[in-house]
Each structure stands twice: as C-alpha cells, then as structure tokens.
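Each in structure tokens, the structures are laid out below.
Here come two complexes built around subunit A, the first alongside subunit B, the second alongside subunit C.
Presenting the complex of A and B:
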C-alpha cells in the first residue's frame, strides 16, 4: 500500500495564513460567538428581565462555566479524567480496528466464512453496547476491562459492517482486469481489495469513534467512581459529569460536557486527517 | 524506438511471433432462467486472425459484450468452443487482455503504477520493463501525467493509460470493448490515431468492438458485421486500405467510402429486421441511415 501512497503537500507555514483569510473560518468563529452570546443572555435572563427563560434560564451562563473551568483547569484530577476516558476510548477503539478490519475482510473474501460468521454477527449486532454493561462487569475481572470492552463493542460492529460493505462494492472489473494481467489471489488482496476498502475502513472508524465516546461516557456513569469504593477503576469524563451532578455543581456539569465535545472532535478530526492521508486518490478530484 | 516494442519481457520471444489466433466455433450463450431466458449469442463462428486488427460492429445491445466475456474467459459458452491457438479457453489469462468500455484503471494507483501493475503482479520488473513503461508513457502522451491518479486525468487520458497498461503485458490477443465510447468526437479521433499507431508498431492480434462505423473503417483490417440479438456474424469485409491511415485521406478515399456504404447497407438490413421485432434503438439507426444515404446520393 505504502508504495502507492504518493507524497503529498505537507501543511506549511502558509497554511495558517490561508486559514486566517478563509471565509469559512470566519463563519465558524461568528457562529460560535453568536451561540455563546445567546447562551449568556438567555442564562442571565432572570437578572435583566426579571424572570428566567424556560430551560435556558436554568443553565449556568458561559462566563460562570468559564470561571468553574479555570478552577479545575489547574487541578490534576480534571486532567486525570481526560486521560482515563481517552485511555478507555483508545483501548476499545484500537481493539475494534484490530479485530474488526480482519474479520470484515475475511467475511468479504470468503463465502464459507461469511456463511459461518454472519448469522451470529447479525444477532449480536443489534444488542446496544450499554446492554452489555452488567454482563461485562460480571465477565471481566476488573471494572476497567469491562468499560473498555463495552467501548470496544461500540466501534466494532460499525467497522465490520463498513469493511464488508466496502469490499463488496469494489467494481468487479478491477478484479477482472487484475486477473487478466496475471495477478494471483494474494496480490489481488493486497493491491486491489485492501486499497479498495480503505475509504470504507476510515468511514467506519469515524462513525465508530463517535459511538465509542457515547458509550464510554455512559459506561463511566453507570459503573461510577470505582476509586471511591476502593476499586482501581472509575473516574473519567463521564464520571466527572456524574460526580458534579451529585455535588450539585451545574457549572462543572457543563465543563464536563464541553470537554467531551472537544475530546470527541479531536478524535474524529484525527481519523479524518489520517483518512485523507491514507487515501490520497480520494481528495484529488 | 520500435526496437523497444519488439523486445518483449523475460523469456518470451519476438512479439510478432508471439501473437495468437482465436477461433469461435458454433458458440451459443443464453442468460436468465426459465421463460425469461434470452438467447444472446446463437451459433456464432468467426476467426480473429493472427497479427490483424479485427473490428466487430453491430447494433447496440446485440450481444457483443457477451462475446467479449466468452473470449476473455470471464464466462463459458453454453455450447460451441472458443480456442486460442487451438487450445480451449478455460478462464481469464494474461494471454488475452481486455480493455473495458469505461475506464477500469485502479483509482488508488497513479498512471505509472497502473501501467506497471501487470509486470509487478508477475514479478517481472526489470530494466527492460521499466524502459518499456517509459516508452509507452511517451507513446500515449502521458509522461507528464505519470504521477497523477486516474481521477485527475481527462477521459481521453484515462483510455490511453488503459491502452498502455494493457500493452505492457504483451498479450497475445488484445480485446477492446468499445474503449472510446463516451468520448467527444474530437478526442475520439485522436484516440484512433494513438491506438492505430500502437497497433501498427506492435502488429499483435487485436479484437476491437464498436458501434461506430467510422471508427471501424479507420481501424480495421477485417470487419465483422454482426446480426441483431441473438447474434452471429452476418458478413466479413476485408478493409484493404493502406497503413498508416489518416483521417483526412480516409474521408477522401473512394475505397473507404465504398466499404462504409457496404457495411452500412448490411447494418441497415439488420436494423430493419430488429425494428420489425420492436427495437427502439433500431428506429434511430434507420432514420440516421436514411438521412446519410440521401445526403450521399
């Protein structure tokens, strides 16, 4: 594969300047600013209008959130939550890619294997990852492994389905052309199937990553603060939110929510960037 | 330069000697099941002569692509035999290369990697092959586009890249299924000249399928005219025009026009037959034909 990936333009110093003059960049900034202003005004409605707007009037204003954020920003426990959630997401996601991609390829390539594996797969797939939480806690020796397992399930099915679908949608003429040029099975797999499913792998990974964050937060809330009850697991951004809720700090709840938003964005944009890097033929149109 | 073309890869002999003859004898093929089963090819027999450019022309949808699949070995005939140098065709093999209707270049490889696909697949990359790749790139005018992906090439460039990708494998028979379909008229004429040039240089066995009569006359040594579905050979015309040909001379050549009118006459008869059996495409052809003939007269 790497032989086929062409050298491409690396981000240079001109890139930042380009971004600063980009209309889309300013639109994004404007959109975010307008959102924050509306939020601030709405949240402070009781002070200036005499009554609280429904829903938004109960939300802490962004300035208060920022204040709360600045206090936890210097605390190691806050960053520990980030680290723990990231660790779980990466463990589950990596396992999902490492197992899901080969499984998907095997199901796409071998009709026999597909016949054997697909029915089981299709019965297990509709079970929501969160439905696995109690069973996972019982099966796995540590709570940490249970959470990572549930996170893994979140991405696994999506990746497998995308790989199978991607491999099956490769144009049959590519195989015919390869065959008539004297290509054998292994060569076709390496030079036709693998690059052919590459875009689907990244598509599945991006969607899977999103599900992974949903799952990890819920799992952390459900399993609770293991550290408080003497276990080794617990913590994470999901628990951070839950703990703030129990402690009655609405500002910190929002801090936790935004943190997850940022973390999820970082993860999915990393996958998108890797995807464009690995499939250069897709972006040159 | 032609010395490079005549110097095939490892272990093979002179390219011209290496060309093969294909025979189709009494071949029939149907598709579909039960009462929906349609006879696409019926008792077709013809010879693709060695080192000649045989062009097959027939009404669209007459079963030409089915014949190509049988020749390439992607499909097996229901009855009859397809042979290459007397040996029956069992499946796809590098001795028969197919250039498809629309580009089948691998989108994830640049022009050079696409051309080198065959040699790399067979582990035959040596200096000679690399030199040949350069020669072919130059010959199809893509040297400057060697590092571009297919999606960055124009339609005409893609077809040329595909010709080069096929040629480098020294197929004993090259099979082309309407390779220039969908290109605009100007580009198409340019393609004919590129393609005819490649053929004249190598003189290997070529089998070219088209629905375009001008394309057929410009390229062919022998012209097979097919009947409508279920298809078989209706007539064989020898196109005895000197090579290298060019479009201007061909337009002014009486002989070329004579062959063209003869071919159109036969195609017209076929169209009339299929029109009476309810083919809409045939009515287009009949209308176009009557206008063309009137203009000539």
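Presenting the complex of A and C:
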C-alpha cells in the first residue's frame, strides 16, 4: 500500500512507472527471488546447518555460480563457445529454412507432390533428430558438418509441418474468390498462399529454433566427448557444459546452462519479433 | 398391406438403371453410392396413376414413400401441419410420402391427387430402413438429407425440431440394433475402397520406393564416396530379420525387445509423472491469478534452458543413470504439459466461470466442472507434444548416460562399429515413438468426442 502511494508520486517515463506500480511485476520478482533463496539455502544447507538436502544439496549454490560466471566472463574461450554454438545453430537453422519452406510450400500447393513426399516425410519424422547423430557422423566428412546436419533436421521437420499445416488452414473461399475474379496460379500463390502461411512459417521457425538449440547442445556433448563417441570437433556451449562436468567444476555447468538459456531465448525472441514485423496484419486483434 | 386407396397399374418397364437415374435426381438420394442406389432401385416398384387418382389421404397409415417419375400430383397438407405452403404441385424428381419413414408417427400428413397421368416409384419404407441398417453411413446421409428437404417445407421451429429428431432418431435406433463392430468394419471397408481408388496409395508407394531405391543404389550399387560408408538397405533388412544376426540384434533376439521395453518403461514413467505434475501446476497457474503471478515467471526463466543442457547436472544430482534418464525425459514432457494446460485454462470463456458462480457454485465446483473439462482439449494437445518431446530427450539421455534402451543401442552400435544396428535402432525408435503418439491422440479423441463432433459440425 505504502509502496503504491510512493510510486504514484514518482516522476519518470510512463512505462517504467506503470511497471513499478504493477503488482504483477513485484510478484514475479518475489517468485524468482524466493526460488533463488530456496536454491541457495538448499545448496548451502550442509555448510550452514550440517545436513544436506537430497538432490538440491548437490547443486552448486547461485552465489557460487555468479562467482564462477564473473571469472569466465572475461575469458575469451567462454565467448568462443558462444560463437561456435551460434555458428552451428545458424548454419543448421538457415539450411532448414531454405529447404523446409519451399518443400512445405510445394507439398501444400501440389497434390501429387504431397502424395509422393508427405508419407515418406511422416515415416522419417518420428525418428528423433539425435538418433541421427551416429549416422551423421559416419556420413559427413567432418564432425562439424555432422553437427550442423543434425541441427538442421531438428528445425526442418517443424518448419515443414507448420508450412503445410498453415497452407491447409487457409479458407478455401479465398481461392474460389480469387479464381472467380480471374487470378492465375502465380497471383494466388503470391497474394493468398504466401501471406496465409507467413504466420505459420514464423511460428515453425520459432519452435524450430528452440529445437535447434536443444539439438546443438546434445550434439556437442555427444560428439565432443560426451559418451563414448569421442571426437575432435570440440567447442560450443554444449561442450563447455560437458567439459565442466568432466573437470568437476560444477558451478560452470550451471553457468553454461544459463548461457544456453539466454542464447536460445535471444534467438527465439528475435524470430518472434521478425514475425510480428513481417506479418503486420496479425497485430491488429 | 396398404390402405392407400389408389387404382394402380403396372407401367411400361423402367429398368433398374432408369430407376437409379431417377433416384439420383431426388434430393434425399442424390449422394448415395452407386451400389446402394441400385439396391434401393430394386426396392422401387413402378406404378402409373391415371389423372384424378387419389394416391393417399391425410391420416392414412403410411407404409411407402413415392418418387414421381413423370406427370404431376397435387399435394395438400392438412391445416394442422403448420407448413409454409399448404398446397403444392410435385413433379419429376420430387419425393412424397416421407411420413412412412418416421419411426413414431406413421400417418399421412397430406392428401395427394394425381393431376395428370403420373408415373411413380413406390418404395417400401420398412425395406428401405432395413437397407440403411446395413449401410449406416449412407442411411445417416439420406436421413439428414430428408430432414433438410422437410425443413424447407415447414417453417415453424417446433416442427423443425421434430423433423430433425426424426432423422436422427431413426439412425440412432438402428445404430443400437446393428452390432457396432460390423458397421465400423463396413465403414472402414468403404473408406479403404475410396482410398484405393484415389491416386494416394500409388503416389505413396512411389515415394517410398524412390527413397529406398536411392538408399540401395547410392550405397550398394554405385558406391558413391560418402554413401559407401553407410549401411546398405539389403544389409540392414537381412540383419534385422535374421535369426542369427551378425551384430547380435534382430527381431529374433530377446535383447531387441529388452531395449524396446526399457525405453518404453522410461518414457511411460516420465510421462505419467509429467502429466500428474504438469496438469496440476498448469491448472493452478491458469485458475489462480496469485499462483500464476508468483510461479509463472520462475517457470519461464527455467524453460529456455534446453533439456539436454541439464544432462550433467542431472547426473550429479541423481547419480543413478536410470533416474537421470527418467528425470530428463520427465522435464521435457513437464514443460509441454504444464504450458498447454495453462493455455487451455486461459482459453475458457470467462463467462462460464461467472455463470457458474452466479448459480451458486463454489470455487471448487467451478474448478471441477468448468476449468477442468474446458482445459481438456488443450491438455491433450499438450500430452501429444509431451510424448514427442519425451522420446526426443529420452534418446539424448540414453545416448549420454544409461544402460539399455534404444538410444543406448544406437550409440554403442556406433562405437562398436555395428553400423546396421544403428539403422535398426533408428527405425525401431521411429515406429515405437509413432505408436505411442498415436495412442495418446486416439485416447484424446475418445475422451473428447464432444469436441470431435463439434469440430465436424463446424467444418460441415
């Protein structure tokens, strides 16, 4: 109550003031703070109270994580990991968009092509991307390409499915109307199908981006030393995590996890922003 | 047999094809499949009415319905019929006497007199109903088309309601009489027939063949540079089906099934845990503003961390490989389920909760009768996604840590250079994963038939 009165008198930009007076904002902060404090207490209970909680007692406490983070923050190898992971994600993701969008559109436009390709696609789709890792390593000349390929697969399926689904959900009356007014195939494609699938493309891309990060982490762990599959292509945030695990610096595992979370979030929100920018008609609602 | 006081004469032979063609012109039988239409045509007896013949009177017992082939008949409804037009002239392609099809009130509603020499087809209603009982789908269709036809004549809403219940009532009754499995089988056969006639299966086979041939030729025949290293199609299949597999894993070895069962068990446990916890958390986050505002930010902060980034931490925390794998699989499912459940609660129209509260429901009752069923469709969407991601992370978890399981098979086959086994593992994984997803989808459709029907009606 008193906080509310105080903030009312506070000058400043309207948006900030609105956020500060918003109960939701405080509750969100409280929730996260409580979570962090519980984590800290749980992790330090052995130090402080002499007994370890199960499970949580084995996790490095947040303060230690922050400390570890501040030391690696200035090291170039940490940022190299970021760069390497970003590079792989971008390579796989770009390939998935470049191949997936045309393939999805082709399946949506041509019934014959759909009949030919879609069943095969559906048969391959249930195989999780990571199950392809060993096969990819055998096939591609370098591990780098193998990782990019698996990353590509992760986003590819989602994008294709979304494009096909988006095209199918277009109201058939639009086509009928356009045809009755004399549109040709190219017009229909450009004026109806493309804008119709645009939101689905971005949705698929955003989801696909999430999967890409999942896959890249796993691929880096598996090929870069995780499990028995050894390899030369180290690096990347997934490898950073795995390496920290092997080296016993558990704080750095959490640092790596948070870094990947941030990286993935940045990528996904960039795509969502681009999506809202590219489909302005969806904003009005 | 019939009380219709008509002077009828046998006309100059319309053959089956001509009768079928006439039936095809009528509103109710327009969309009947050819085979069934011919059988209906066999039921139809052709008659000729001289001008001035009274076909039936209002209030007579109704046994047959009539299709007009030529000529015209005046059709006069009784005043209590509440029709939009009491007297009308029926011509070729019109159907009269449909009262015979009603299950409850088999009395004529109109008086019909031939205006000119008229040729009609007489169809016994009981025989027609019997025919439809053996062909549920067509019967359903014809009945609803009858209902539409009748609706055009009667404008008053209560009549409309009554005529609607005619069609559906008849079908519902016959559904109860026919063994369900039989009618389903017939439906399945019909769909299968349609599918075989369409180009779809042939395109599909072409697609599969092309991919398999490409695999075979690129690896075994032409031995292209990189492809040469891959296991070939023939090698994989012989290994998979061999009683004495070279690399020790085929459909005949018990280990194959051990791996499958271990993987399914892990996914099952994780899925159950995730569903129990995810649905609960999702419902509470959606239902209570307080819970959401405190918990959801934490949830959203943790969610961007990929499941697989948890692997080392999970190993540290749980130590035991089995619990590690289950935890990772659980986590993926949990996010999907909780998020979709919350979205499901959001999607419920708030006026439902308000209406329930106005009618005196307490908070718990609103939760039980409004929130839970309302969120169910989204929950099942979430569960479908959840099964998918469960398999996704299971593979990764099994590859990194774990003994047994399909992911483990794929990984160890690589390290021990048992290349065909990798492919066997992948194919099996795909098949098992697909089956579990399909099972969840079917369960969802089964539990939410009201929604399936709603969608079907919305889509017309």
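We adopt the following convention: the second predicted complex is superposed on the first by the 246 of 285 C-alpha atoms of A that agree within 3 Å, B and C clash if a C-alpha of one lies under 4 Å from a C-alpha of the other, contacts with A are read in each partner's own complex, and residues count from 1 in each chain.
In this section, a residue touches a chain if its C-beta (ideal position, glycine included) is under 8 Å from a C-beta of that chain, and two chains touch if they have at least 3 such contacts.
Values in this document were obtained by computation on a predicted structure and should not be read as measured data.
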item	value
Fit or clash - subunit C, subunit B, common subunit A	clash
More subunit A residues in contact - subunit B or subunit C	C
Partner chain(s) touched by A:31 [first = subunit B, second = subunit C, both, neither]	second
Partner chain in contact with A:165 - subunit B first, subunit C second, else both or neither	neither
Which superposed partner A:127 touches (first subunit B, second subunit C, both, neither)	second
Partner chain(s) touched by A:182 [first = subunit B, second = subunit C, both, neither]	first
Contacts of A:87 with subunit B and subunit C, given as first, second, both or neither	neither
Partner chain(s) touched by A:256 [first = subunit B, second = subunit C, both, neither]	second
Which of subunit B and subunit C A:135 touches, first, second, both or neither	second
Subunit C region in steric overlap with subunit B, selected from 9-17, 45-53, 63-71 or 153-161	153-161
Touching residues on subunit B, where the partner in the complex is subunit A	72, 74, 92-94, 96-98, 100, 104, 106-110, 113, 117-118, 121-122, 147-152, 165, 169, 171
Subunit B partner contacts - residues on subunit A that touch it in the complex	3-4, 6, 171, 173-174, 176-184, 187, 191-192, 195-196, 198, 279-281, 284-285
Sites on subunit A touched by subunit C in the complex	23-24, 27-32, 34-35, 55-56, 58-59, 112, 115-120, 123-135, 137-141, 210, 213-215, 217-218, 221-222, 226-229, 237-238, 241-242, 244-245, 250, 253-254, 256-258, 260-262, 264-265, 268
Interfacial residue positions of subunit C with respect to subunit A in the complex	199-200, 203-204, 206-208, 210-211, 226-227, 229-230, 290, 293-298, 301-302, 304-313, 315-318, 391-396, 399-401, 406-407, 410-415, 419, 422-423, 425-427, 429-431, 433-434, 437
